[in-house]
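I am attaching a structure below and will ask some questions about it afterwards.
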Amino acid sequence: MLGEGILKGLAETARNAVGSFVSKDRLTTVEYPEERLPLPEASRNFPFLVYDGTDWEKGLRCVACQICEKECPPKCIYIDKSKDKKPDAFGRPQIYPAKFDIDISVCMSCQICVEVCPFEAIKMDTQYELSTDDRFGGLLLDRKELAKSNEYYHQIHPTEASEVDAKLAAEKVKADAKAKAAAGAAAAKAAAAAAAPKPAEAAAKPVVLADAPAAKPQGEGD
Amino acid sequence: MVSTLDQIFVLLKHWLVGLLPSVLQPAAGVLLSVVAIVCVFPALFALTVLLERKGLGRMQNRLGPNRVGPFGILQPIADAIKSLTKEDIVPLRADALIHFLAPLVLVVAVFLEFAVVPMGRNMVLVDMDASLLFFFSIGASTELSVFMAGWSSRNKYSLMGAMRAVAQMISYEVPLLMSSVAVVMITGSLSLVKIVEAQNQYTYGLPHWNIFTPWGCAGFVMFAIAATAETNRSPFDLPEGESELVAGYFTEYSGFKFALFFLGEYLGMFSISGLGTALFLGGWSAPFSFLWWVPSWIWFFGKVMLSICVLIWVRGTLPRLRQDQLMNFAWKFVLPMTLLNLVDVALWRFLGEGWLRWVVCSAVMLVAYVAAALTGLRRDHIGPRSYRYAE
Amino acid sequence: MSGSLRDTNLEGWNRPPVIVPDGEGELLEVAMGPHHPSTHGVFRMDLALDGERVVRLKPVFGYLHRNHEQIGETVSYLAMMPYTDRLDYICSLTNNWAYALAVEKLVGQAVPERAEYIRVILAELTRIVNHASAIGFLIQEMGASGTPLMYAFREREKILDLFESLTGSRMMCNYMRFGGCRVDPSAAWLDATRKVVAGLPQFAHEFENLLMSNEIVMARCQGVGKLRPELAINAGVTGPMLRASGVNYDIRKVDHYGVYDRFKFRVPLGDHGDIYDRYMVRVLEIHESIGILEQALKEIPGGPVMDPKAKIRGFRPKPGEAYGRIEGPKGELGFYLISDGGNSPYRFRVRPPSLINLTVLEDMCLGHNVADVVLIFGSVDIVLGEVDR
Amino acid sequence: MKSVEEIKAAIEAAVPGAGVEIVPNPSPSGQHSLRLLPSHAVAVAYFLRDDEDLGLDFLSNLTGVDHLDKEIAEKVKVTRQVTKTVDGVEQTVDEVVEETRKHMEPGYLETVYHLFSMAKKHGPVVLRMRTVNRTDEVELPSVTPVWRSAEFQEREVFDLYGVVFTGHPDLRRLLMWPEFKDHPMRRDYKEPDDFEYEPTPHDTVLARAKDHKAAVAGQEGTGTGL
């Protein structure tokens, strides 16, 4: 019958108009600045660099292996390797990024950098209110702006962060055991040779071991 | 007290005019009414735009404008400021004079229509004998402005929009007129004041509105369809169909001129709702006799706003027709139905008082409607379909 | 219809007919787009009109061209995955899947069962999102001031919330990997999905109430923009548009990729090939997708989501080539990859359903009104990100 | 679904002199392809479309591939006459020497077609065609008269690779604008550096931007001088 479908449609809109006053389901507006949706834990926006401890410069996990720079699809990461080594949060001397810039005006939030990072050094942030009136400099974040503490990481992605911490701890235990074994072997060797081992050598050896995984994937990623 | 409240605007006007010397009194009286109309209806326009945006929002499960002022009630003011301060762009090759005149022609014509619409007891600017005729002749001149706008813009979309608008408005003017003629036949007068007064009677507390008769009901539906088309409202908003013609005939208008077009369109909606109210909904008369004490102008504006709400509701639901379907609908369905309605009115008068005329008149219209609808759909092979599936 | 239709007979029925305008008047040439309200982005149609009747229509592309395929040849295989999100930005997950499938074919990578189920779930959710918004946009173009679109988007929000809580992003999901999926959905996520899916039939019912029997929709859509099945096949039209013309070809059924052969679902077919059929086929496909989702959510097995042998870093396939395709919501989405053993593909090609479905746009539009052109174009359901690449 | 060899035999039976060649594909996908001679391609295409058994009515994907001129170094065994002193006697002896010879293998543009059958629901059959070189002899026959779906895809290949399809009804650029000169998907394509300059720490971008600015400034200088 002519008009029946039109009336049905009118009834539907009327139901929705009335429903919008009663049911939350039919009023989906979120009044943004006053009201915010809770972000799911997996939510991601732009990357940041994780540091351990309190001093961001010292605690950066990044060892400037440049894998993320190579894998980044839009090529928005710029890294300069340091010439020297500095002790990291655990006191092991590491190469560190002398420059680590991310141009978040280019970044497409894909988290490929997070996936390829072998050191759990780069993670995705959930900050989204980043607008700035400085078009050129404002969206180019340097390593100071990128560095966020591990506590912050725990705050935004608790499950993932604890997994990462457990993994790192396991790795550390392994590395320590290896270092200990190496040191023990060295000490035994030294004892056998009855020569006093130089303390610097003993310290340097485990570092080489710890560096090994850094060198390997880098070669692979080329 | 009740009658004072009812006549408050009339008394106010008389008191104000009485302050002036008697030579100036006639002119001042007219001027005062004009000022009232020019102030009240744009204010109503602002309110309606807000209502429309809010209402559409609610129908679409969102809030609508709510940022300017509490609940967004100052939104129209913000819109007005915006349109006033926007750059007025005239296309380089446009006919600048006509481009400038077009919105003015529209707004002036639409304001003139209000002169004859009775907005309450004794509240009509000019109570002329042929006020219905006046209304339609003035209303026809809005086509001119639409075509001026479309032609002078030198834009293909504007031109196509204007062509559509003119074709549509001319086509729907005929059924609009025909459905009004039915009322004239019953009342025997072209004066809107007389038409309203004829409906202001009650039997068992129920009013004698024209819509409560078979011919009046059918006539009102036809009138509503034609009026919607006449004011270019959805689902007949082809002239400005934004998905096809960008903005139709006012594509090249910006700033205040655009606002004037917008204003003209909404005022046209008010005036035609006012006319429909006067013709079919009893104008300013109360719906039940025991509500006689409510001021007449409240009833009038209430009914106008109610019909506006229905228009908004329809706009939020229906997609628009195509040009040829629109014309077919006008000439092949609405016009024959209005003509039949005239026969129906004649029958109504001829059969005299009694239940027989109710049955006969209703049956005539219903049968005609069903037959026309079914044959129309069958002719175009339109209808629900069933679908097959492959495993 | 006035004016005469004549076939130029360039290889028989294979070319659009030429319409000879009647009367003496000049043709009105209108460039519809690139900034026109209903061209879904920056698309242009050069129309020649006789009155309001279309006598010629030439689509003009390239306003969103960014040489996607060349980007694919310069970045690594993995780094291309987020770029595929941006092809058809409404259905990023199916794009992910098509690309992952092509690469998996190239290297012979197996995918764990659980990952296949997750892929099916996400792809069907994407299909619902796409079809609902496509219908919404279609009716919007018909002039319904956005009400159906808003209802579609209301439901889409719920699905996008699911995507966000699983993949981290609402639209640019970047979720599938070669040999599985990136993260394992938790039981809570699956429960949430079950809840959303349980609410979908009601939405579909409401949506149909609003539109399906509406006389204006029927009058506007039925008998407009007809596409003959022979032409549809010959012109490589795929997806709902092909099935609306009555051709039973659904790659989910033909290729049995993923685990689609484990689910019971039917393929709706139209008989007229007009706008209404295209619209209705989409509506019916929403129902079928809901059915698939219910089955997949019931049967989803445990296990890993990523093949442990799959490589993330330093992914270098052996020389060779592969063409992988899936039934995307818009049609056959294919990726053609040639590897020369290097870090990035030697040739990276996207087979865009949106672009190829537009081949027949002129054939469908000739002789109709401008208003119909907008509708026919809307019923093709394209996304410019994929057309122009 | 017939194997590639069977299809090759069928084509050769139907179109004499078609000269079909099987191009093996070492990837696990196992999608081997058939290389056609451009001169017989349209006839073969009609055969593939209309053949009862094959019924490849659906050309899904058509694309181009660019193969650059390659310098091929191959080791060739050469017999040479060498004068040698053997046992104090000077003799002329034939000696086999391995020698690397370098020669330029001319590059070519290749088109790849993926055919499926909607009626029989099988596929893909992959076809390939090559141009003679990359510069002047880049004509290939158009298959648009056979499969309409080639219409835009051939235009795209023409636009991005520069393959000229003879017999295409409307061969224009598809994605780039008509005045554009180069073919951007070719592997030796150099991006123009007339992009909007923005300060970024990416040195190569900066350097190119600077060069471009200098070049533009130089041109403008000469322009005003004239």
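By letter and in written order, the chains are A, B, C and D; residue numbering begins at 1 in each of them.
Assume a residue touches a chain if its C-beta (ideal position, glycine included) is under 8 Å from a C-beta of that chain, and two chains touch if they have at least 3 such contacts.
Given the structure is predicted, the values throughout are model-derived calculations rather than measurements.
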Fewest hops from chain B to chain C - one hop per pair of touching chains: 1
Pair joined by the larger number of C-beta contacts - C-D, A-B: C-D
Chain closest to the middle, measuring from C-alpha centroids that were averaged per chain: C
Whole-Å gap between the CA centroids of chain A and chain D: 42
Gap in Å, rounded to a whole number, between the CA centres of chain D and chain B: 67
Separation of chain C from chain D, taking each centre as the mean of its C-alpha atoms, in whole Å: 29
Centre distance in Å when chain A and chain B are each reduced to the mean of their C-alpha atoms: 63
Per-residue multi-chain contacts in chain C, two or more chains: 147, 151, 154, 210, 212-218
Sequence positions of chain B contacting 2 or more other chains: 59-62, 316-318, 377
Junction residues of chain A, two or more chains touched: 2-3, 6, 9, 12-13, 16, 26, 28
Of all residues in chain B, those that touch chain A in their complex: 55, 58-63, 66, 313-314, 316-318, 369-370, 373-374, 376-377
In the complex with chain B, residue positions of chain A that touch it: 1-3, 6, 9-10, 12-14, 16-17, 19-21, 26-29, 31
Of all residues in chain C, those that touch chain A in their complex: 75-76, 78-83, 85-86, 147, 151, 154, 157, 161, 164-169, 172, 174, 182-183, 206, 209-218, 312-314, 343
Chain C to chain B touching residues, read off their complex: 28, 30, 36-38, 52, 139-147, 150-151, 154, 210, 212-220, 222-223, 248, 250, 253, 266-272, 276-277, 280-281, 284, 369-372, 374
Contact footprint of chain C on chain B as seen in their complex: 56, 59-62, 156-157, 160, 234-235, 237-238, 241-246, 315-325, 377, 380-385, 387-391
